[in-house]
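Okay, so chain A shows up in both of these, paired with chain B first and chain C after.
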Partner chain A sequence: MKRFGDLILAVLTRGAAACVVLMLAVLLGVLLLNAAPSVRQFGAKFLVSSQWRPNEVERPVRDAAGKLVFADGEVVTETIPPAFGALPVMYGTAMTSIIALLFAVPLSLGSALFIVRVAPGLRIAGPVSFLVEFLASIPSIAYGIWGLFVLAPFLREYVEPWMARVLGAIPGLGWSVSERIVSGGEVIVKPIPLTGRDLLCGGLILGIMILPIITAVSRDVLRTVPRGQIEGTVALGATWWQSCVGMLKYSRSGLFGAVMLGLARAAGETMAVVMVIGNNNQIVPSPFAPAQTMSSLLANEFAEASTGLHSSALLQVAMVLLVMSLVFNVVARKLVVGKGGRTAASA
Partner chain B sequence: MSVIGATSLSGKRGGESRFALRRIRSSGMFWACCASTMAVITLLFLVAGYLFVLGLPGISWALFTQDATGDPEAPGGLRHAIVGTLVLIALSGVVGVPVGLLAGVYLSEYSREGRGVPARATRFVSDVLAGVPSIVTGILGYELLVVPMGHYNGWAGALALAFIMVPIVARTTEEMLRLVPDSFRAGSLALGATRSQTILRVVAPAATGSLVTGVMLAIARVAGETAPLLFTALGNRALTWDPSQPFPSLTKQVFDYVTGPYESQKRVGWAGILVLIAILLVLNVSVRIVAARAVRSRT
Partner chain C sequence: MIGMRHAGGMLGVVAGVAVMAAAAVGAEIRLTGAGATFPAPLYKKWVVEFEKAPGGKDVQIDYNSIGSGGGVKAITDKTVAFGASDAPLSKKELAALGGAEKVVLVPSCAGGVVPAYNLPGVKGEIKFTGDVLARVFMGKIGKWNDKAIADLNPGRMLPDMAITPAYRSDGSGTTFVWTNYLATQSEEFKGSVGMGKQVQWPTGQGGKGNEGVAAIVQQTPGALGYVEANFANANKISYGSVKNQAGKFVKATVESISAAGAGAVGHLKGTVLSTDIWNQPGDASYPIAAFTYLIVYKDLNNLKSAEEAKALVAFMDWATTGGQSTAREMDYAPLAPDVQKKVAEALATLTYQGKPVK
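Moving on, here comes the complex of A and B:
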């Protein structure tokens, strides 16, 4: 009878483990199945096309000279079928993530070094760590609200006009503050209106959001550097910073993992971004242009997708997003695990 | 380590002028590290402080006792949304916590050191699941439960949240059980206990505190999620206990109010976000306390 309990627990735990594997299978299966029509229609072109037209468009036909074509006294129109391509949202996700990393990585590594090398002497390592963890426990929608009501107006009023003036004055960087509009065969170049709800704001909000995760993981990684390593460099006459560089070099793969975890978080984040990115499905190579990320596109359009092809295309975007963040996560965990990284769950 | 820092900072000055440059650079970087920490903490106070100032005027007793009215003149409270979030957490926890705990037990007790394909697959998959963007779990809930039922409902929201919970609970459970020394297991088995008795009466009790930590972490994570609920639970202005209907949640209600047009509803939304942050803060602080106590009792 005693063995009966063994049997039950063994079956239950194996069942739960199988259930976990099954969950991923279901997730991939459902996404693939529903994305299939779009995959079949657009194939790999989906990843390089920047068209995103959920509805049919009727537009007048123009001849080679850009003139309207008339037949029987009426303008001849042509119907363009819906088309979907993920390039603009992939661009949006990539750019916001890059801005987020540029903002977060230096600050995080600096803070992690402070917590490991400076704070213990001042007896404030605990409080500083606690504050960082608190920053991590603020839900993403709260960051979105803060971004919408504080960061975006602040950027619009104070930061962006100044940045635009500086960037515009540098020869060769004019593209970063103006956009080209093709209208009726003409190309108009005009400065981008500064709204504060754009790539820059989305990237900065993501950067603030991933600060705590990168700081906490790098702190744990740096703490595993053997004391002898640090003392050795100091004994050889290294300055404080030179011994820090030694620490950073020693734990570089773990630190890279920390950054990748932050990147995965940034790329997959929805709520904070959707409120500040401007939600415009376009590629304009300027930090002041409103844009769209993969996750914000899903949040905006998935519920309203009217046609089968539209929602199928959205699911294909979800597939791309899923695969991307899975790669980041798996690589990151490989690098952090066993280097004093925190638990997989809290990371 | 601080001693090292202090020594090299206040080390002998003068003489060796070729070292002056690197000493200047060193102290420059030292202050840069201090400055970046200050910047991070300042950001924290900017974000938390602003949300506090914004939300505080809206905090009232009515917030917890009234439901939404839909009337911009008198927007009512958030009782329905708070109850909704609690029900969603309970529903997802009923499925997610046992599956996560058992999978964690499997990883730690039945497949030591990752031998064998099933163990490695489970561990890899739970890593992978932990990295799924939360909006994608929402889409899964939509396709699995909203499409067949024909309308948005609470079950779909709970399913999406359970998807987020399972890998978190599984991985923390595994790691916490691994911290229990093998001598516990050996002693128990040597006394004639069966494997299940060893796990349930010796190993798990020794790690109870940490297991609770894992579950609370998962709950804290799920309570703050909005994206998985956008296409599943959707939200509801009325208090409901029926998960087959569109279901209210604190995060979604706050999102709707704050992005909506009415100033009065925005006030309620801002107060709601403050309530949410307070709940998450309490959860996270108690996690730290429980975890610290668990570590202390073990050593």
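Moving on, here comes the complex of A and C:
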């Protein structure tokens, strides 16, 4: 009877494990299959083109002198087919992630150090850890609503006018507060209207959302620093500050891994970003410009993708995102697990 | 991944609702429709009211608002009794359905798209022309006190404030109507931005759904966005009037949108009754309007029985006549009497396995 139970368990566990792997394989397969038309059409250009135009445009043909071309008394028109390029969303994802990291990394490392070095003495390590992790359990959409109705208006009213004045006054940084619009063959340069829904707001929201994971993993990494190491620095006369810096240095690759995990999370966050980023597939090098990330693009457009090529292009974006997250995760795990044994990342 | 998760959840919800509904009503005939979200509140009211209308006893109709594109796909795949779409069928879509002689497509009501704005301290409505709106959305007019806007609104103090154009970031029939209208008013807009359910805007901000655009407009002083007229009314968002083909500034109302539909009645021919009703002649016509459509096969053999076919035709007959007063109550523009006549003629051609249904 016991052997029969063993057999059942073996089948069940193997089946469950196979199912999980199979799901990933099917997901990848479906993505590849459906992205194929777009891959064939655009090839590598997909990654460097900044056009994202789902509609055809019919426009009059103009000759070298800019005059309309006539044939049989009618204006000759040309049809420009839809074009898809992922550069704007890759830019949006990269910039929001950088802003998120600039905001989250110092805060996370600081609170992780606090939890490991200071809080135990005060007997509050548990509650503080819990509160930081609690941030992770707030749904994305709640962050989005808070971002839309609280953070964005706050940035628009109080932070951005001040930032724009400072940035605009620095010689050579004028481009960071103006946008260049190419419209109908004309180039218009004008100040960006400050709306609070832009790269800055998207980045800050993401920063808050990735705080818990970076903090939790950093905390576990810092805890693996051998006690001898810390006591050694103190014995050699290091100040508290120097000893902490020593700790950070000792576990730097694990901490880097924690940051990478945060980055992977930031790249994949969707709903909150859709609500605060302004949803414009453009590359305007300014923190005040509306933008679009890969995941927000998918959330915005997938349900009503107008043509087969459009949804195929969206799936290719999804593929790029998946590959990117995979790379981030693999690198992060290698760094975190390779260094310090059991951590939150390996659990 | 997101899609799969939602799809799973939705299936559960749909199944749950279906079970409850079946238990509650015990209807003998059940029909399903799917498609456009814009008329969904009206359709959902219609299917309830239809149970008391002629031919509606013991008929239960479920309408899933999955979007116009989804509606066209569903009727093409014959997974529903009728599809619904805000945009007329493209040539390709019509061909996939078997061509114009296999399809009956009728308008069910009309809607308008309005330029909604947020100008603190400015009372009364702002007047626009299609050309000015096109230039704003191309980024060529950047300030509210631009001469082009000021000239249309003499005697009104317009602030020296940047305009933030706000548009739909998801594919939408609203964008389709808006861009098509602007393209009739500006060659430059037609040749650079172009028309479609989704286009590449050179500047401005995108919001998901009417509510996304509304949020941008309501939050951002200086924003100018486009939303459906009944959505703007329901949410008390201020919007301007637009100059129509006859040169009159008209505000979107149920009457002015219906008038636009009446102006286009001459273009309705055969059984595929789709026509553009933006930029129509007539002093009272609101210029940024469109029909929303119901799509069925001319021979209803995608249904299981002649009774089902009869119920479906009864529903469409009633919706496009008696149901129009409900449309009006809900702020959808009813079909003008002349349009209703054309719809009745088209519906009379429906057959079930070769035999006329009526």
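Assume the second predicted complex is superposed on the first by the 312 of 347 C-alpha atoms of A that agree within 3 Å, B and C clash if a C-alpha of one lies under 4 Å from a C-alpha of the other, contacts with A are read in each partner's own complex, and residues count from 1 in each chain.
Here, a residue touches a chain if its C-beta (ideal position, glycine included) is under 8 Å from a C-beta of that chain, and two chains touch if they have at least 3 such contacts.
Predicted model, so just to flag it, every value in this text is computed and none were measured.
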item: Contacts of A:283 with chain B and chain C, given as first, second, both or neither; value: neither
item: More chain A residues in contact [chain B versus chain C]; value: B
item: First, second, both or neither for A:54, with chain B first and chain C second; value: second
item: Contacts of A:27 with chain B and chain C, given as first, second, both or neither; value: both
item: Partner chain(s) touched by A:197 [first = chain B, second = chain C, both, neither]; value: second
item: Partner chain(s) touched by A:270 [first = chain B, second = chain C, both, neither]; value: both
item: Partner chain in contact with A:299 - chain B first, chain C second, else both or neither; value: both
item: First, second, both or neither for A:148, with chain B first and chain C second; value: both
item: Contacts of A:186 with chain B and chain C, given as first, second, both or neither; value: second
item: First, second, both or neither for A:10, with chain B first and chain C second; value: first
item: Those residues of chain A which chain B touches in one complex and chain C touches in the other; value: 27, 148-149, 270, 275, 298-299, 302-303
item: Footprint of chain B on chain A - complex, ascending; value: 2-3, 5-6, 8-10, 12-17, 19-21, 23-24, 26-27, 30-31, 34, 106-111, 113-122, 128, 130-135, 137-146, 148-150, 208, 211, 215, 227, 230-231, 234, 238-244, 264, 267-271, 275, 295, 298-299, 302-303, 315, 318, 321-322, 325-326, 328-330, 333, 343-346
item: Of all residues in chain B, those that touch chain A in their complex; value: 1-9, 22-23, 25-30, 32-37, 39-41, 43-44, 46-48, 50-51, 54, 98-103, 105-107, 109-110, 118-119, 121-122, 124-137, 139-140, 142-144, 163, 166-172, 175, 194-197, 199-200, 214, 217-218, 220, 223-227, 230-231, 251, 254-255, 258-259, 269-270, 273, 276-277, 280-281, 283-284, 288
item: Chain C-touching residues of chain A, taken from the complex the two chains share; value: 27, 51-60, 148-149, 152-153, 156, 179, 181-186, 188, 190-191, 193, 195-197, 270, 274-275, 278-282, 290, 292, 298-306, 310
item: Chain A partner contacts - residues on chain C that touch it in the complex; value: 1-3, 67-70, 138-140, 142, 162-164, 169-172, 179, 187-208, 212, 215-216, 219-220, 222-223
